[in-house]
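Note that chain A is present in both complexes that follow, paired respectively with chain B and with chain C.
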Partner chain A sequence: MECSPRTPRIGFDEAILGNTLHHFRAAGFNLTVASGAKKARGISGKAAGTVVEVANDLPATSKPLKEKMSKSERRALQESQRAAKAAAKGGASVHEQPGKTLKQPSQKKDGPQVTSSVAASEKKGGDRPPEKDRKKDVPPPRMQFDDKNRVEKAKRRAVVKQTEARNRVELFRHLPQYEHGTQLPDLESKFFLLDPMHPAVYKVGIQYLAGDVHGGNARCIAMLQAFREAIKDYTTPQEKTLSRDLTAKINSFVSFLIACRPLSISMGNALRFLKARIAKLSATLAESEAKASLCSDIDRFINEKIVVADKVIVGNAVTKIRDGDVLLTYGSSSVVEMILLHAHELGKEFRVVVVDSRPKLEGQALLRRLVGKGLRCTYTHVNAVSYIMPEVTRVFLGAASVLSNGTVFSRVGTACVAMVAHAFHVPVLICCEAYKFHERVQLDSICSNELGDPDVIAKVSGRMDVNYLDNWANKENLQLLNLLYDATPSDYISMIITDYGMVPPTSVPVIVREYGREHLLI
Partner chain B sequence: MWRRSASFVLDKQQQQYDDVEKQESSLLSSTTTPSMAETLQNPSPKISAYYQTRAAHHGVVTSDWLAQAQAAVGRDPDDHPSESSSKSNDSGKPFGVIDDFNNWRKQPDLAEAVAAIRALASVIRSSQATTMMELEIELKKASDSLKSWDTTSISLTAGCDLFLRYVTRTSALEYEDFDSAKLRLIERAEKFGEISYKARKIIAMLGQDFIFDGCTILVHGFSRVVLEVLKMAAQNRKLFRVFCTEGRPDRTGLRLSNELAKLDVPVKLLIDSAAAYSMDEVDMVFVGADGVVESGGIINMMGTYQIALVANCMNKPVYVAAESYKFARLYPLDQKDMVPALRPIDFGVPIPSKVEVETSARDYTPPQYLTLLFTDLGILTPSAVSDELIQLYL
Partner chain C sequence: MPDVHSLVNEFTIKLKKRKIEGSKTTAKQTAELLRSVISQQRIPHTNQAAALIDAVKAVGEQLIAANPVELAVGNIVRRVLHIIREEDLSLATAAIGGLSLSAASDDEDDAEQDDHPVLSAAAVAAAARSTLRPPSLQTLLEDVPYSAAVPHNSSSGGDSEGKSKSADKSSRSRKLKHNVIEAVNELISDIATCHEQIAEQAVEHIHQNEVILTLGSSRTVMEFLCAAKEKKRSFRVFVAEGAPRYQGHVLAKELVARGLQTTVITDSAVFAMISRVNMVIVGAHAVMANGGVIAPVGLNMVALAAQRHSVPFVVLAGIHKLCPLYPHNPEVLLNELKSPSELLDFGEFSDCMDFGSGSGSPLLHVVNPAFDYVPPKLVSLFITDTGGHNPSYMYRLITDYYSADDMVVQRRPAF
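Here is the complex of A and B:
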């Protein structure tokens, strides 16, 4: 009952305890030194110019240990160097460092001192990961497209040339906003120039771009399968190691795919898995064996994390459908479709309301398939959701990702449906595979999102009379916003159905914590 | 036949206490008759065995209720034998388990889950299996038959599941010879039963800290854990008073107020519908739970939900005392999203056949209306329940 799951926590506590012990020991050990150092800091903080004075002052006032002596000398040297170079260079990063540490409180300052002198060997023995590894755990900040320097840099590296949209939406300048439809001809002309691109990856990229492959799972599977093909055809160049070269290769594929369409969070997770597998390959493995193992890893990921996970979700979700239910779904989610069809196969008597919205109208495809299988359906647009909600008993929604605070990231409009359902006391069930969970926290739909082609919301296909927005791009003061995703706060969600069972949204961090590592390790 | 108005309950408490005591003494003798029948066949699936036991243990039961229950048992007796005959083919073990379980269950102080664990332990003891796998299968079968015997009892299901995990999830067993492994399993079973038994004491220790001098506590239903908490607080010389809801139809409140009066705790009885009326005097609400579900909500005796709603409305804390073996991997979305647990209700007057009677014995209180759960794993917020469940079962 309380044996095995507890142990990791205890281990963690011990780690913390050990750490604080180090601090204590450090404080006790160089008590005299610390006071001297503090004084020196105070002086240097007050008068930046009096560098030499500090250096002279320190050994005079206190009698530090030998290594401390060298430490202070080193600092004096650095300070003087800085003084010398300050005029020429504004402040290169290397020289900024001592200045920074000076401002830090004394206790924190003591930490690094200890590592350098006394307890270096002890600290390495602890089970805390080294600084470098922990930094790796933190995901790199996303590219902010309103940062001019970085955008310039990225442009130089880019495989696909994209023209920026002219009327960019002010609030969303940090997201990539490009003219849609300009990449395709460019890509086609470049097909033979893009030498390292594998045709399977190229094909998937074009499919993303054209919108032929959409939906979180489908895109993820397509990407993984393309990578598998690429790995199959891969040969390590002379004088290079497989794991490094292949990672670089995959990175170039990924940047190509990103140019076609930004990656979804689930694809990011799958990619993390693949890269971890490549990194873990032992160097002694022959190339063919390594490739075979990677391919089987990819297959296993697709099978375990997507195909089997979906089956488990369907099995769980079906228990929540009773006879006489009216189920509402929004857009088109592959898992929700499977749930509805399976429940129908089981002979449950229920009705489905498919809510849809412009411009994608994905719900129509779902509706067609459901009606084809003999389900009783109602089709409506999101405008009518508050009208239809009173008769609904359950809302089933898919998700692009579920974030650590329980926020559900999904097709734009989902939040609206969930909120209306909440207002009518209708339970909202989110169906999402656990590989789409992410440890990030997001509070709104602005920080991280994807912008679609603004043209599609300006034009209504087949309606020639709706032409008020023709030539809208020429108008300076008009910005069209076609958001693709939105974030639903966890308050509006009754339950998340995953391959680990049915959990409340508050348990997402538990699953991320307990099984997040497993994604990398299967 | 009891025909009581609320005013009667309030006015003549003292007399009623005497009645209760009398009833209790007669209860012991009267329950033996139906229990003999029950041990051999599942009572009508229409009526929840779990709530019947609860009523027998905690409630002030009228004699005609028992008669009704007996009639219900007799109504379709051919339901179970067909089922059991198929089961008894495989050495009749499941039968024995249920028998055993029912014997344990009869002890009023023993929780259902602990009874199940003891029954399963005796399965291990009497097992003729020669390999671990066989024993495991046998245990699984026994627990399945126990679970299917009474699907309405959450703690029975959860207790069986937990025990199976506790027993089989040990790698050390594989390296031993079978007999010593078996002994160890029995040892584990006894230890598990002990832990579960001690849970109540732990919860009482944790819970009594929340009772401060001069507070008023509203209690709904008769829960042994809640009683233990109050007892502990009273022993620690805390000054508090308790409001007991009547707890129709079992009248569990009468039993609880009786117990509390013995401890010299000031008690006031309320009819169930007076919860909102007296809520502004109340400082906190204490309830037990039949089951704690994955969302962190609880399934408990009918009326808990409405009291929690009223308490939440008036910003009063609602505390739940529940042992960890009541944690179940269930996730009801609404009130009807559970296995129905029905029980006959005595209205005192004949009800015309055209009138429908709501006979559900329990309701589901969603987590947002609960403040804290006192469990033997510690004091948990409702959202922490799911974390514990994930760690227990996955």
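Here is the complex of A and C:
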């Protein structure tokens, strides 16, 4: 990409300029636009690589200019209103967070994060964020891959060269789908060209790509730890402020990770937390202090939102397991595994049914571990779930995310299992950490999903006799669809076990609203 | 005789070893075997029908025991028994009514039909019906005393008839066997052509741009979809692969070769995709008298998903799959557990599957059932070679093809 002729790079410059402008306007600092723009140009001139990557996450944030103007005006208005309010309520909030209210206006450049963090601090002071403010927290529309222009632009900027899968399913044109296996060598050869890429981030990206790290929690932890490494090694370049430059840096890392594999919702939430923390850093802080504070924030997030949350969930869920139970689980969920092992350690007598499905067959690994610990297990595939369900007393399922209409977004097949359990009147318990909750709503599994490698559909691992589609993958009429997630409707779900307790699916939006938006640390 | 014995034994062994797959092949081979049993059977001068029935029942019992899950065997045995009874009856009634034997033999085409147009005498027809079937509304309305049928009741009835009609004994004995074999031949050709019969109806059910979902592979479904394609309908098909046999891949390959837009999905993605599907079309292993379906594993899940999204769930079934039995706990009793090796690699998990864990039972069980039971309330429509039917109508359809006396195929104790 770096060796490409001059013309496209000009395009990037303009794009980055537009983006920066947008950021400045959005934060309500029309006066600083000119200098900001200059700075941006300076960046782009210096390190072409950075530009490419920063520009990379443009499609997610850029909106038509017109809209932006009115929006920024509105925001400016709100900002001033809020300032007035804060002044009125001043006493309380200053009391609680003396450090945070010291924030200087020049620190705010990441519009949404800053406003929401301000909102959060206000909330602590006993005030609800205004209705309009909440509207802005709705995440920006995701890239729609059926929009040809956008895709074309994104492709020109892409770090990772990806070849599109040939036979894409019509219904899923809006999702990215690439041929797998082609990126890895390409990425490896690019390592030295991507100079701003931190090796830890690079490693995690490769791990995502190769599928070595999977599962919502594992991926999230891996990402956060890589970012922590990167932050540790970070030094603020001359003439730049730490928070702004670091955010840009993180953005470039994220766009690299996205190129490796689309972010899960849990990762998106963690990222929002991290960016909010960076934005909140006071400018008076020394670089080393700021870095230390960020690292400890990341550690606290991992610990409180994932590790301790899992412990709470395990503690809650174990109370739902009685002697003689037959517990069914699907795929491989880390928290469900912990629950089962813990219940076994407590000496409860129960049996586990592990239901699995192609193409990942994650259940086999879980089965291996459970049997290794001496749990009595039954293994079967998702088609036979109706056969096994009459003897099951509880269904424990993990989730990639719980959306605020109660829909559980999880490994494909979870909906089938929950549906059959519902039909047989078996309670379905979803175990999910609250940091995975998201305010998005979704009714089906089609609007937003992730597509996996289609080739694994045709090839059945371990079954040499199943080779009917060996030379057929390139036929025009044949499409292979490898969906990774599905959405389970909330009426199939009896209970969601989370770190805030055991709640019905209808309570998810409440948790999202009360706790989830800022991921307040305990 | 000995060659029939060896044939029967060979077939029994094949059934026991599950060498014969698919209800259609099984049905066809059963019918052919029974045909040779009948043709080899020596017929006494009296009570011929009973002798044939006994012979068929003896073989049938053996075959059914060989593979009780393959309901097609029992279905065909019962069909053949029904044919024998009908033929015997039509000959008997022809003799009673004084009608010529030639007229009765013309009738064999209609032997399986509800009515016997040639036998015009109402009383005779009513008697025939009440012998073969439980009293129906029609017999009640025609006000024929049910007792009239009693003398015809199989075992003793056939006996007395045989004695009384000594005049045309010799011609009847040959006639009966001949007629029965003719009818069985027809049954075999019916089984062979059931796909075409069903596929002919395809265009009536598939519209332009339809999205159809199916799971696994069934020859009937394939012919059905291809027939619609040949008649210039263009539509898309989602094929769930149908683990652990992955017959969906075979179906997909076949459909792609015929130029249909085909998408292969995993079984777990069925729920995700069903909201965009207009119709689910699947094959069946057997259709029970209550309208429930014994189907390849996974279809109950598909049916539930279809019901959730109000997608019609259509089952294609040849008439030979109609089973006159009512299921009791069919998920377990009419199921078969296949080898775990289809799901798990033995080498990797062999240490967990032994009985060494103190309590005497292995830690790990692998469940790999072959069939699912889809209750009638989840089925929208059956398409058979005689047309479309509601699940609630199945019990009635079944009485057209089977006689009530044969529900339990068991040889009578010797007289």
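Points to keep in mind about this one:
Keep this in mind: the second predicted complex is superposed on the first by the 379 of 522 C-alpha atoms of A that agree within 3 Å, B and C clash if a C-alpha of one lies under 4 Å from a C-alpha of the other, contacts with A are read in each partner's own complex, and residues count from 1 in each chain.
Keep this in mind: contacts are C-beta pairs under 8 Å (C-beta built on N, C-alpha and C of every residue); 3 or more make two chains touch, one makes a residue touch a chain.
Just so you know, these numbers come straight off a predicted model, no measurement behind them.
When the two structures are aligned on the shared chain, A:511 is found in touch with chain B, with no touch to chain C.
Once the two structures are overlaid, the count of chain A residues touched is higher for C than for its counterpart among chain B and chain C.
Of the two partner chains placed by superposition, only chain B is touched by A:494; chain C is not.
Once the two complexes are overlaid on the shared chain, A:445 sits against chain C while remaining clear of chain B. Of the two partner chains, neither chain B nor chain C is touched by A:338.
Touch criterion not met for A:218: it reaches neither chain B nor chain C. By the touch criterion defined above, A:295 reaches neither chain B nor chain C. Residue contacts after overlaying the shared chain place A:427 against chain B, while chain C stays out of touching range. Counting contacts as defined above, no chain A residue meets chain B in one complex and chain C in the other. By the touch criterion given at the top, residues 169-171, 356-359, 364, 367-368, 371, 374-388, 390, 411-413, 415-416, 419-420, 423, 444-446, 449, 457-458, 460, 462-463, 466, 468-469, 472, 475, 477-483, 486-487 of chain A touch chain C in their complex.
Of all the residues in chain A, the ones that touch chain B in their complex are 1-2, 4-5, 320, 322, 394, 427, 429, 494-495, 500-504, 506-507, 510-511, 514. Chain B meets chain A in the complex at residues 162, 165-166, 169, 192, 195, 294-296, 324, 329, 331, 333-334, 336-337, 367, 377, 383, 386-387, 390-394.
By the touch criterion given at the top, residues 236, 241-244, 246, 249-250, 252-253, 255-256, 259-273, 275-276, 297-298, 300-301, 304-305, 308, 331, 335, 342-345, 348-349, 352, 357, 361, 363-369, 372-373 of chain C touch chain A in their complex.
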